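What follows are several structures.
Look for subunit A in each of the two complexes below; its partner is subunit B in the first and subunit C in the second.
Right after this comes the complex of A and B.
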């Protein structure tokens, strides 16, 4: 059973976070709120998100696992207006989730959870580099790099005391350096890994709304992005596998 | 081959798009190899061979199909058969005989210049032997694709891995995996969407069968489904003469399974077969790891050892190696 009401914008934010990586997921619902963890089909990136009951206007739920068609949700959200209040209603043992807003009532058939990939474990990673910056600055850097390349290196140079992002196209190059003054926080640990902009572009769009994004970085290791949504009542972790640096 | 419950599944097969199949697929290796050996042949039935006359149809099949899987975001693990259970001996003997006869008829048809008949008989003579399995495993090793040696039937092992959530689904053309309890079975994962059936070309698309839908739809338990299989005939028993899927469904629904077996096949002890399907031997000692393939090793194996055309292999390898620049999260789990 699930009976909840939520601001349409917060719901949109939640779905956007997930849809940046997957088109369907197993959504864990309980009295602790909603939670999901999913890996994209190519096994390159992972999203882990939790939204606490306080993010909702009202929230009652029993523990259950729902098969969500995220792509479909995204289309439905496009029908909502800013400020709409969305009610979610799923009866006990029901297979159809009712979404009501502005007099519209969608009845959405849930997916069979058995057809959706199991939730992965969170890998144990040692990522010594840590940077905190605004989501907007991060997204801008990603966009700037994607003008000339399809991959970007993120790194920390402890000697120069900077966090840098650099990208190389066939003929062109871009480099952005940020010192302690421009960052909320920077650890002085050497780190550098290369990432695909295909993935980062979609993630960056979502992260641009966060006031703060914590970036955890290693050497030729995945990168982890941590940030809040729903005014701090929800939390997201993105994980992205690196590309191999070719000499 | 396999259990003929197709008639009961018609309403529960869903055609699915490749991109919705992302995840880990447990491939029934014997089924796939047999398919490659029977399909990848010249018009007169001659399989692909290298200079020394060694059959290479299966290597071509594994290589191109695996590349296609990886491109589509499917991570395959191949499950090889272990020793068959005792009560499969009769089936094994019959199949061997069928292949032997087909082999003779193939040669006869070739002599008579009947290409169509030659092709048909050649397909039936396909044989998955130790050399085929050995070279298939070697190729998988080089492609850094994991495989598992089942303690008994490969489909049973695939089903148990799917039940435990280790893999997303079982992949086989046969339906036995459903009897073994695979929650999801996927068929038709072929590179080409065209298949020749009795001279006509038809388009095949991946299809997914969800066990729970089948059971709920027919109001059956898995044990009931196995009993239906036993009545029709499985790889482990010949079945009751004249009983097809629909009749078997009726018999099981009316709770006349025991009675029917006693009456029509009094000497047949169905209990071991039923138990085998319910609790098949399986192993949990395997490691599933997908690594970055080394293109040079694969080229050397396929092109130097087995005479494949280098250009074709290289083009296919480019597809995964370009992406190969991108690591997956697997190695960090």
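Right after this comes the complex of A and C.
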């Protein structure tokens, strides 16, 4: 059973976080809120998200697992206006989730959870490099790099005391450096890893709305992005596997 | 069985050139496979995915495959295509891409042989607006979990050609030896069941299970095929022969049980909905449960029309009301394979014909049984005058052998030498035809591989070149300069003056003065001429004295 009401914008934010990586997921619902973990089809990027009950206007739920068609949700969200209040209603043992807003009532058939990939375990990683910056700055850098390349290096140069992002195309280069005063926080640990911009572009769009994104880096290691949604009542972790250049 | 074990085995087999050694290796593998794995293994190793009688296709073209591999490797699709052009083989290119990919992943899960089959089945089943997206999702997941060598054979399986040289004959003999049953029984069971995978399971049960197989309604069997031959030789060999018109139509197989019926095309596709008039005609002509073999022809004002007219109807699956027009479709039935629960493929043609005549009220193809050369030749002239292609001559004492092109059925037609060949490549045209393919590379088959034998550039109208372009443009595997390589899917009939020995083509033969005759949309690339048949034609032209 799920009976809840939520601001349409917070719901949109939540779905966008997930849809950056997957088109469907197993959504865990309980009295602690909603949460899910998912990995993209190539096992390259992972998302973990939780939204606490306080993010909702009202929230009552029993513990259950829902098969969500995220792509379909995204289409329905496009029908909502800013400021709409969305109510979610799933009866006990029901297979159809009712989404009601502004007089519209969608009745959406849930997916069979057995047809959806199991939730991945988030790997334990030791990522010594730590940067905190605004989501907007991060997204701008990603966009700037994707103009000329399909991959980007993220790194920390402790001697120069900077966080840098650099990308190389067939003929062109771009480098962006940010010092301590442009960042919220910077650890002075050597780190550098290379990532696919295909994934980062989609993640960047979502992260651009966050006031602060914590970036954890290593050497030829995955990157982890941590940020809040729903005015701090929800939390997201993105994890992206690196590209390792052949010598 | 892990798909990686299957891939390693493919690698081993690919390196073996001797047939007996291949059979040895296969024979060793079969007994240890589980109930679920055995049929999948048998089909996969021949480069097939589904049972021959099933209509499913995975429907994954080169484009979708390249897109999936590009995503997994974290590179652009163009870069995948470049690698394929360089390697000259999709399988090897995918292997190379996965070996050198920069993008790492968090984990991989070992692929199971049966899991790969389930994924293929799922891909084949998804339809509608989401089908491309769903297919791509599965393809990405398969390649994300595949080791490089697995990627090589996954790619080849998806494109329908494993290129390890295992044909039906090899796997049939391997099954016979692995489970200690006679090879002829395996062959016979395959003809009736039309799935070597299932036959392997039966063979494991023993000879009794194999010899107990029956034909089943609504499970089409391959059509019996004819060789080229002569009236004189058939009469000399069989004494009396049965002669029938050779209709220029489309072959069909009609299955009926009570009030329910299905019509299958030569490719064993269900074409019932395209032929409501044929359904009505045949259902009205018999009260029995039957499987019938025949040819649909199109007639206008009493004259047979070229078979393109029939094809147009076979292809059409909707809007039939508009199309049942002044052209009449007539089914000519010439054989009976099954009657009221009994399989008749082992009965003689004379017996089958007697049953056919006793249960079907109408539409039975006229037949002449004669031991007289003049009579048969007169029948042949009559056939040509009526506008038919020629005649069929059949041995009255022969059984019905599904899928076999044997000596018991022979076709006699005016001396136009033609071959059905698969289109495997093309070159861009020039001038007015610059945006179309101008010449085509054609191939025959040998042990499941396509062997080029000729190029053809003459005989095409501009309209036909446009049709060829439309049919082929989505099957492009790779391009280099002006040359294009296709995933084989289109069959054409080509005429030629002579078959020559030639070092220019790997098969050792080439066609002299090849010209395009027509598209054979009723045939699949599995039906094209074999290298052995071309060899036979070469030798018969060497030995026969030309007038």
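Note that the second predicted complex is superposed on the first by the 245 of 247 C-alpha atoms of A that agree within 3 Å, B and C clash if a C-alpha of one lies under 4 Å from a C-alpha of the other, contacts with A are read in each partner's own complex, and residues count from 1 in each chain.
The rule is simple: contacts are C-beta pairs under 8 Å (C-beta built on N, C-alpha and C of every residue); 3 or more make two chains touch, one makes a residue touch a chain.
As the structure is a computational prediction, the values presented were derived from the model and not from experiment.
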Note to self: Given the alignment on subunit A, is it a clash or a fit between subunit B and subunit C?
What the structure shows: clash
Checklist line | Touching partner for A:243 - first (subunit B), second (subunit C), both, neither | finding: both
Note to self: With both complexes superposed on chain A, which partner does A:182 reach: first (subunit B), second (subunit C), both or neither?
What the structure shows: neither
Note to self: For A:65 in the superposed arrangement: first (subunit B), second (subunit C), both or neither?
What the structure shows: neither
Note to self: Between subunit C and subunit B, which one touches more residues of subunit A when both complexes sit on the common chain A?
What the structure shows: B
Next item on the list: Using the touch definition from the top, say if A:89 reaches subunit B (first), subunit C (second), both or neither.
Entry: neither
Notebook entry, point to check: Thinking of the overlay built on chain A, is A:190 touched by subunit B (first), by subunit C (second), by both, or by neither?
Noted result: neither
Next item on the list: Mind working out whether A:214 is in touch with subunit B, subunit C, both or neither, as first, second, both or neither?
Entry: neither
Notebook entry, point to check: Counting only touches as set out at the top, which of subunit B and subunit C does A:228 meet: first, second, both, neither?
Noted result: neither
Checklist line | subunit B/subunit C common contact set on subunit A | finding: 23, 39, 41-44, 46, 120, 123, 151, 196, 222, 239, 241-244, 246
Checklist line | subunit A residues within the subunit C interface of the complex | finding: 23, 39, 41-44, 46, 120, 123, 150-151, 194, 196, 198, 222, 239, 241-246
Check: Which residues of subunit C touch subunit A in the complex?
Finding: 71-72, 74-76, 100, 102-108, 133, 137, 140-141, 143-145
Checklist line | Complex contacts: residues of subunit A adjacent to subunit B | finding: 23-24, 39-46, 112, 114-115, 117-118, 120-121, 123-125, 151, 196, 221-222, 239, 241-244, 246
Notebook entry, point to check: Can you list the subunit B residues touching subunit A in their complex?
Noted result: 19-20, 22-23, 72-73, 75, 165, 168, 183-184, 208, 210, 212-213, 292, 323-330, 332-333
